[in-house]
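You will see two complexes here that share subunit A, one where it goes with subunit B and one where it goes with subunit C.
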Partner chain A sequence: MMLDALPSILTALLAGAVTAAQVAFGAALIAFGLGLALALVNVFTSVAVLRLAIAAYIEWMRNVPALAHLFLLYFGLASVGVRFSPKAAAIIGLGLVGAAVLCDVFSAGMRALHVGQREAALAVGLTPMQALRCVVLPQMLRLTLPSIGNYASQLIKDTSIASAIAAPEIMFYARSLVTSTFQTPLIYASAIALYASIVFPVSWMFNRLERRLGVGR
Partner chain B sequence: MSDFFNVYREHLPEWWPRLMDAARVTAEISSLGFVLALVLAAGLVAMHRSRFAALQVAARTVVEFLRAVPLLALLLALYFGLPAVGLTLSGYWAGVLGLGLQGAAYVAEVFRSGLDSIHRGQREAGLAAGMSPFQVFTAVVLPQALRVMLPPLVNCYVSLLKDSSLCALIATDELMLAARAMSSEYFLPLHIFVLVGLIYFAIAFPLSMFSRLLGRRLSRGRRALGTT
Partner chain C sequence: MNDILLTVKGLKKSYGAVEVLKDISFDLRRGETLSLIGPSGSGKSTCLRCVNYLEKPSGGEIVLEGEHIGRVRTGDGRTRTMTDRELAPQRSEIGMVFQLFYLWPHLTVRDNVALASIKTGRMSKAEAYELAEAMLEKVHLRHKADEYPERLSGGQQQRVAIARALAQRPKLILFDEPTSALDPELVGEVLGVIRELAEEGMSMILVTHEIRFARDVGDRVIFMDGGVIVEEGPAAEVIDHPRKDRTRAFLGQVGHAASTIVRAA
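Up next, the complex of A and B:
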C-alpha cells in the first residue's frame, strides 16, 4: 500500500523541519538585530551619506531574488576563498534579506510615532536611551506587529530555498526521498502539509498577539 | 579590483546574449504567471463576495492555503508530482502555473482590501441613481478601487519576478538556471551571480520605484478629492 511509506517519509521531513527551524531562527535573529540597528541609524542620523547607503542596501536586498543572494554567498564567495556551510550561508543570506525588510518596517513604524512621544519622554527627564527603550521601541513594535508577523511566515516559507544550496531542510529531504522511493505525490503533499502546519500556528499566534495588544486601535 | 572588471570585459560578449535570452524567459514566465494570478484572484474575490457561505469559505481556505505554502514546494509538486496522476507539464508551464497560483493568493488580498476601501455609500448611491449592480461596479467602485490597488499590484509583479528564479530548480531555462549553467562552465560564479543580481535589479528596481511614485501620486489625488 502506498501509505505504508508515510511514517518514514514524515520522519525524514521532520528532521528537515529541525534544520528549517534553525535556519529560520538564525536568520530572524540577524534580521531583527541588523534591521533594528539600521532603522535606528536611518531615522535618527543627520548624515545623508549614511541614509543613502542604507537605502542602497535595502533596495539591493529587496529587488534581487533571495536565491541569487544565496548563490552569491555560497558559490560566489567560495570561489574567492570565503567558504560557508550550506546552513550558514542560508542563515546569513536570509538574515541579510530580512534585515532590509525589517529595516523598512521599523523605520516606517518609528516615523509613524508622534515626535512628541520622544520629546515628552526627554522632557520628564529620561535619557535618550531610556526614551528609546521605554517609549519609542515598545510602541513601534506594537505598531509594526502585523508586518513582523507577515515577515515571520514569509521567512519560514523562504527556508525552502536553502535546499538549492543543499542545506538539509524539508525540501532537501523531500527531493532526496523522491529519488529513492518514487512516492512523488505523497512526498510533496506531505511536505506542503508540513509547511502549512508550521506557518498556520505562527500566523495564528501573531494574530492573537495583535488582538491582545490592541494593534490597529 | 581592476582584475575583477577585466573578467567582464573579456567574457561579457559571450555571456550577454545567453543571459538576455534567459532574461526574456524570466520576463515571460513572471508576466504569464501574473496574468494568471490576476484571473484566479478575480475569481477568488468574486467567490469571497458572493452570497453563498460555502463559496466564501472555499475562497478563504484556498487563499490561506496558498499563502502558507512555499512556492518551491508548489513548483516541485506541479512539475514532479502531476505526472504521477497523468498530467505532465514542461518546466516553463509548471512555472507559470505555480507562479500564478502563489500570486493569486497575494493579488486576491490586494483586490479584497482595494474593494473594501470603497465606502458602501458609493455603491448605494449608484444603485439609488438607477444604475445596475454591474454598472455600479464597473463605473463607480472599480475605477476608485483601482487607484488604491495599482501600487500593491506592481509590488506583486515584482515579487513574482523575483520568485520566478525558483523555476530554475524545475529546469526552466530562465535567468537563474542560465547563471548556474554558466558558473559551472566558466568557474566564475562570483562574477556571474553578481551580474545576474544586477539584471534582476535592473528590472525590479524601476518597477518598485514606479510603484512608490504611483502610491504617492494616487494618495495625493485622493486627499484632494476629499473622499477619505
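Up next, the complex of A and C:
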C-alpha cells in the first residue's frame, strides 16, 4: 500500500535531481573559474590592496551562511528590481561561495609548490604564462585534488538549501510530496538514497583520479 | 678580444639596506669554465642568478655576445628592466642547473628535457624528443627517458637537469651548487658529466664548494667574499697559491690551504 506511491515519488525526486545537478554543475563552473582567477591574482600580484580585497571576499563568504547569500540574491535583489530565477540565484550564490573556498585551496596549493619549480620553467625560456600552464597549474591541481573532491561532494549536498528559494530540486519536491501524500518516512528516505547515489560516485571518481595521478605519493 | 662571451660589469644587488653584491665585474671567455667560490653568504649564488635575471640586479650590466640581458630601451632613450615575458628568449640562450634540481615531477624525464624546445616553438615535437634523447645520452641516462623524476636518485635527477639545460642549446650554462644537495657517493657522477662538458668546450659558470673540482676542471676561479671579488685568476694558481689572506683563510677552512695539499711524488 505504502510502496504503491514509490514510482511517483521517485519520478518527482528524479526531476529534482536533474535541477540539483544543474545547480551543482553551474555553481562548480563559477567556483572553479572565479576561484582560480582570484587565486592567481592572490599569489602573483604585488598590489597589496588586491590581496586585501580577496582576503575580505573570502572572509565574507565563509562567515555568512550560504542560505543568507541565496536570500540576498533572490529576495534582496528582487526588491531593487533585479530578478533571478530560483535556479539562477542558486547557481550564482553557491558559485560565489565556492569561489572563496576554492580560491583558498588553490592559493595554498600554489604556495606549497617550491618557487624553484616556476624559476626552472622561466630559466629554460618559458614565458610566465607557459610556466603557469605547463608547470604550476598541473602540479597545483594534482596537489589540491583531494580538497577539490571534498568541495564537489559538499556542493552537491549544499544544493539542498536552494529549496529555500523554491528552486525545484530534490528537497523541494520531497517537502511538497510530504504535504500532499503524508508518506514522510518513505519520501525522505528516498531523498536521502538519491543524494547518496549521486554523491558517492562523485567521491569515488575523485578517489580514483587521486590514485591514478599518484596524489600524496 | 672577440672571444669574450659574457661580460658582467659593475653588478650590484641590494635587498633593502643589505648590499649583497657590490660592484662585481668579470668576463667569461667562450669555452671557458669559470668557478665562483667563497663562503656562504658571499653573494656567489646571487651573482649567478643575476646573469639570467632570475634575480633582478640593482645596478650594472650583463652583456652576452653584445646583447644586454634583461634591459630594454624605452622611448625616451633610457632603459628599463624587462618583464619575465620579454626575458624568455634571452633566458633560453642561458642554461641553468639548480642545487635542488627542480625537475618537474609531473612530467617524464623525456618531457622534462623536451618541454622548452616544444613550447618555445623552436622545433617540432618529433625533433624536440629526438634532441631530448640525444641530450639524455650525453648524461648517460637515455634508458631513464620514460621514468618520472621521483624514481631517480639525486645524482640521476641532477644529470637530467643538466640534459634539460643542454637541450636549450645554450651559449653558456650556469651551475648553482650542483652537487651540494647530493649524497657524497652521488657527487662523482654529476661532476663527471660537468667535466665532460668542460672538455667539449661548453662555456660554464660554476658556483661550487668542490674546491678540488674547481681547481682541476675549471679554467679560472673567482673567490668572492662579502659581495666583492677578492681574488681571481687561473684556477690552479688561485687555489694552490692564493695571494690574499682572505682567500688563504677560506681555502684553509675547507681543507685546501696550499700547505695542506699533499701530492704523491
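Keep in mind that, in the parts below, the second predicted complex is superposed on the first by the 217 of 217 C-alpha atoms of A that agree within 3 Å, B and C clash if a C-alpha of one lies under 4 Å from a C-alpha of the other, contacts with A are read in each partner's own complex, and residues count from 1 in each chain.
Everything below uses one rule, namely that contacts are C-beta pairs under 8 Å (C-beta built on N, C-alpha and C of every residue); 3 or more make two chains touch, one makes a residue touch a chain.
Note that the structure is a prediction, hence the values are computed from the model and not measured.
Once chain A of one complex is fitted onto chain A of the other, the partner contacts of A:79 are limited to subunit B, with no touch recorded for subunit C.
When the two complexes are overlaid on their common chain A, residue A:208 makes contact with neither subunit B nor subunit C.
In the superposition on chain A, A:142 contacts subunit C only, with no contact to subunit B. Put subunit B and subunit C next to each other and count what each touches on subunit A; the higher total goes to B. Look at A:119: by the touch rule set out above, it reaches subunit C but stays clear of subunit B. Once chain A of one complex is fitted onto chain A of the other, the partner contacts of A:127 are limited to subunit C, with no touch recorded for subunit B. Taken together, the subunit A residues at the contact with subunit B in this complex read 59-60, 62-69, 71-72, 75-80, 153, 157-161, 163-164, 170-171, 174-175, 178, 184-185, 188-189, 191-192, 195-196, 199-200, 203.
Those residues of subunit C whose C-beta lies close enough to touch subunit A in the complex are 52, 54, 84-85, 87-89, 91-96, 98, 100, 102-106, 115-116, 119-120, 150, 161, 164-165, 168. By the touch criterion given at the top, residues 114, 116-117, 119-130, 134-135, 138-139, 142, 217 of subunit A touch subunit C in their complex. Of all residues in subunit B, only 64-65, 67-74, 76-77, 80-81, 83-85, 158, 162-166, 168-169, 176, 179-180, 183, 187-190, 193-194, 196-197, 200-201, 204-205, 208 touch subunit A in the complex they form.
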